[in-house]
């Protein structure tokens, strides 16, 4: 992923030199003015026709690469479209991409690079939660608006900072809470959970356990799988025989192995199986060995297969990104997308556009206004800009909440059987980022 | 009081007895030579005394203390110093640094090394030790670049700088020229004023010139012991070792 | 005390280096300002590593354990018990010291290849432990120190470690501290013994030194310095995660030290600086940028075993420590 | 599930792991035994085997069986050639000095891994098993291919045993292992033997990679786990002994299978790693053949 390096010619050097002079002066005396200097200088020079620079932090390599590829395609498509339609506040978007290797330390460095070398207006697109958590503090310190597309509960939980938003995808806590009533009502009440043994999986464990208990159900067993695991069969015997529903969620390069081995283990003689489609993102449902999934259920944030209820918005979005009706690339039907996550990039870009335009943002000096404008948002309606559907936005938690889907595997395709309401995923907490200083 | 005494000292490697039941006693201040054919166990014996090799059985007493179980460095601290048969100086360090290692050890015999050491004093003593072996002007040269004979002398200087009570010289004249051997013999005599010397040597001229007493080894055991004249006259030794 | 020529040169070189690093903060653009702060912390880690590999000749493949012990020791105590950052730093460093002594007592019975593997295995066990106890460490995902936890008063002065100027100078202070410790140590009688062990352990023993004790001392100091760097890392950059305990963080200091010059005091900084920017620049052109790590390692052992400072020393400046 | 079937499954899983591990570790053990070097890039040869298997099977998409046969012949050949090149370009120039070689093979690890990332990409890609069927036990089902993998690995181990103990090359190899200088004096082309052994070790790893890839997927980061496990096996088994290596592979494979079914797999790994470190420290004889230098 080549970042497009700044091409403002001699200006960049000028900035550097000026801020350097400022620094020397400041060091002699007023140390506190120091950090503001570069931003201030930039603001003075900002021109209304100059591009808005967006830093796109992408997992091109490492365990998040499959997601990264599709996040990139979605983002490129949205940026192209926005620029065709006149850009943001009349200014074109200049996208600067940097790979973070799905590594938290590198993630933090990438945020720094965006802030101080590329001097972007805003950073977005991070997915894996350990990378978000590694990079978010740097974003906060650099006062760099940081719009993640991670579905982790880390934003809404209040553990990050005022500069971090997740306006394009619902968090895990809300997702799993909204699944519990349907699972308890349709599949069974004794649930065994299989999940990755780190924070993302723990969010599933903690909030689903609570939600199913609230429905009068219970957890039969918890099977945490270490992140380094590459073989899963040995875990399946721990599933109690009186389990009514297996709840699985898996990520990383091992997902296909995981579902295949589950199929080999159970064959047709299985309990009800409910999975988060994370276990199948970028995986072809028609892969050999997955036949047993027939009749099982999946959570989807955005239905991979265009069904009878497909909205015009989804159709538009699908076409622009280059995804066919089966959720695969139009140029290669074997190249399956991460359809339930990548819409987040698209929608986030439109939230960014809306926030920039609403705040009258001109340059980095207006970042506070940009943050406040984003916090002032309350929701988005289903549209070409928000093809996944309506969403509420909680400005205190910096988190959006949308509809979720439950799909059944039928004829090696996923068809939607249920759509949750936004209220199904509501929960209480007292996160309020607006109390933090800017 | 005996200065150094071994009793029934033995060491075998595998099934092979390299040193068997050796009782050796040294008196302070003497120059004792150990001679014997190759494989007689001379180097193993001095390795046992210096602690490089642990004994299979037997004991070693030094200045009245049993030192059988002491580690080699503890024996060095007590004054037993070994110079290697195969030259074993620090090839990448300068002569001065090589000797400084000995000097600082001698200066800190009784206290932890991280306590202050007067660096001027170290420099002085390094110079003195190098001067004694005639390398005083070459302190800043790298040891590995020295001629072989000079490396042997450096080895001796390192031993000297440790202020030994018992200095074990393992074939010190090997590879030295005639003139160097003569100088070396003079040096050993001077050293022997302060220290007892245990010398393994093949060059019989050197042995005859230096040794107060000679111990003859064969097949890991002591064959004979006496003054140079007695040994020269000993028929058994003639037969086993000197041949003619 | 009179200063000999060599002493004057040595102090001149290193004081000059410190002065340059201090002045650099006034001219560096923001991005490089932060980078250099990070490099200074990592270079301190590399210096700690170098004490063991460069001056004592023991090649460890498990130093990530000490770095991470410092990182977690400081980070977790501050995160869970609101410890004062200075105390946290000391605690982290002490934790690394304890691990180093424990590993040393066991691993120093081996040498060479066995030592490399044993240290690697211990570090791997430590890494797995950071995953196993993820209810505390949050494993791969890691934990973040809140800004409030990094603001503190010390001797009447207020510090905010999120502040770039403070961060840079704290990193510099750490580096200078490490540099002075290394410089004093390697030029001291103890350092002389460490070098002697590297050159010829058997001979050193026969000069009256208990080589084990000195190796343990070297490993402990090395671990302590690595841990101090780890503790500083979490304080200055606010994040701790098990990535830092992974095998890659044992290999990186080896790479930095080899590139900069094994057994030189300034080498670790040179190596860390070059490698950091090499990786940074390569990552702009290709996604498989870690290939430069491999290529540099292979080229170094094949053609340039002394590294940069080592080669400079051999050619031009014998006096350099 | 009841204890009996539970154990059966653990045992089955352990056996599969053990056989594949034995093949991988055997390669590492041969290289260490004969050449006295630790090849840290060994896991990358395993990964290369898997990735090449993906590439070769995708040449014959309609014929999974023949595609797999192509992979099982082709992948080790290519990996063997890469190993010969690595030996000639890097290891020989270092004169197989143990510590320099470790550093160089760490470099090799990154080079191979990142080269695969560049060419093959970051995705995990599946390879269809040559023969796929499912064995239904009364309590659970099991992948039929896993039995095939066990059989193939067993054949490989037999072949390796025959090669080392019964052939002329095996004799030359053992002579070189016993005493390099003497072997050279007796006219053994040591350089050639080293190149061949290094290639052979790499090919064994690659074969293990080919065997495993229908069970997992080919991914550029998959080499680290087999590397660490092979280390564990080779150290516990004793480096000079093929028998020891294979025995240890079974102990580790099966106990890991059982421990991780009943306890935390991460805990099992921690215990195994610590055990290896302690074995290496306190029982080095037969592990690194006395002193390591």
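Note that the chains are named A, B, C and D in the order they appear, and that numbering of residues resets to 1 at the start of each chain.
Basically, a contact is a pair of C-beta atoms (placed from the backbone, for glycine too) under 8 Å apart; a residue touches a chain by one contact, two chains touch by 3 or more.
Computed from a predicted structure; not experimentally measured.
Count the C-beta contact pairs for A-C and for B-C, then tell me which is higher.
Counting C-beta pairs in contact, A-C comes out ahead.
Compute per-chain Cα centres, compare each with the mean of all protein Cα atoms, and return the closest chain.
Per-chain C-alpha centroids compared to the overall one single out C.
Go ahead and note the Å separation of the Cα centroids belonging to chain A and chain C.
35
Can you check how far apart chain B and chain C are, centre to centre, with Cα atoms defining each centre and the answer in Å?
Taking the mean C-alpha position of each chain, the two centres sit 42 Å apart.
Distance from the CA centroid of chain A to that of chain D, rounded to the nearest Å?
Inter-chain centre distance comes to 38 Å.
Could you work out how far the Cα centre of chain A sits from that of chain B, in whole Å?
75
What are the residue numbers in chain C that touch two or more other chains?
Each of 131, 287-288, 290 in chain C touches at least two other chains.
Mind pulling the residue numbers of chain A that touch at least two other chains?
As it turns out, chain A has residues touching two or more other chains at 60-61, 197, 226, 228.
Which label fits the chain touch graph of this model best, line, ring, star, complete or other?
Topology of touching chains reads as other, fitting no named class.
Quick one: which chain pairs are touching?
Those chain pairs satisfying the definition are A-C, A-D, B-C, C-D.
Provide the residue numbers of chain C that touch chain B in the complex, in ascending order.
Contacts found on chain C: 188-190, 192-193, 195-196, 199-200, 202-211.
Please name which positions on chain A make contact with chain D in the complex.
60-63, 65-66, 68-69, 197, 226, 228-231, 233-239, 241, 253-254, 256-257, 261, 264-267, 269, 282, 287-289
Which residues, counting only chain C, touch chain D once they are in their complex?
Touch list, chain C to chain D: 59, 61, 106-107, 109-118, 121-122, 124-125, 128-129, 131-132, 247, 251, 254, 258, 286-291, 293-298, 300-302, 305.
Considering only the defined contacts, which chain C positions touch chain A in the complex?
Within the complex, chain C contacts chain A at residues 25-35, 38, 131, 134, 138-145, 147, 162-165, 237-239, 241, 243-244, 280, 283-285, 287-288, 290.
In the complex, go through chain A and note every residue touching chain C.
1-3, 5, 16, 19-20, 23-24, 27, 31, 34-35, 38, 60-61, 98-99, 101, 103-105, 108-109, 112-113, 115-117, 129-130, 133-134, 136-138, 140-141, 159-161, 197-200, 202, 226-228
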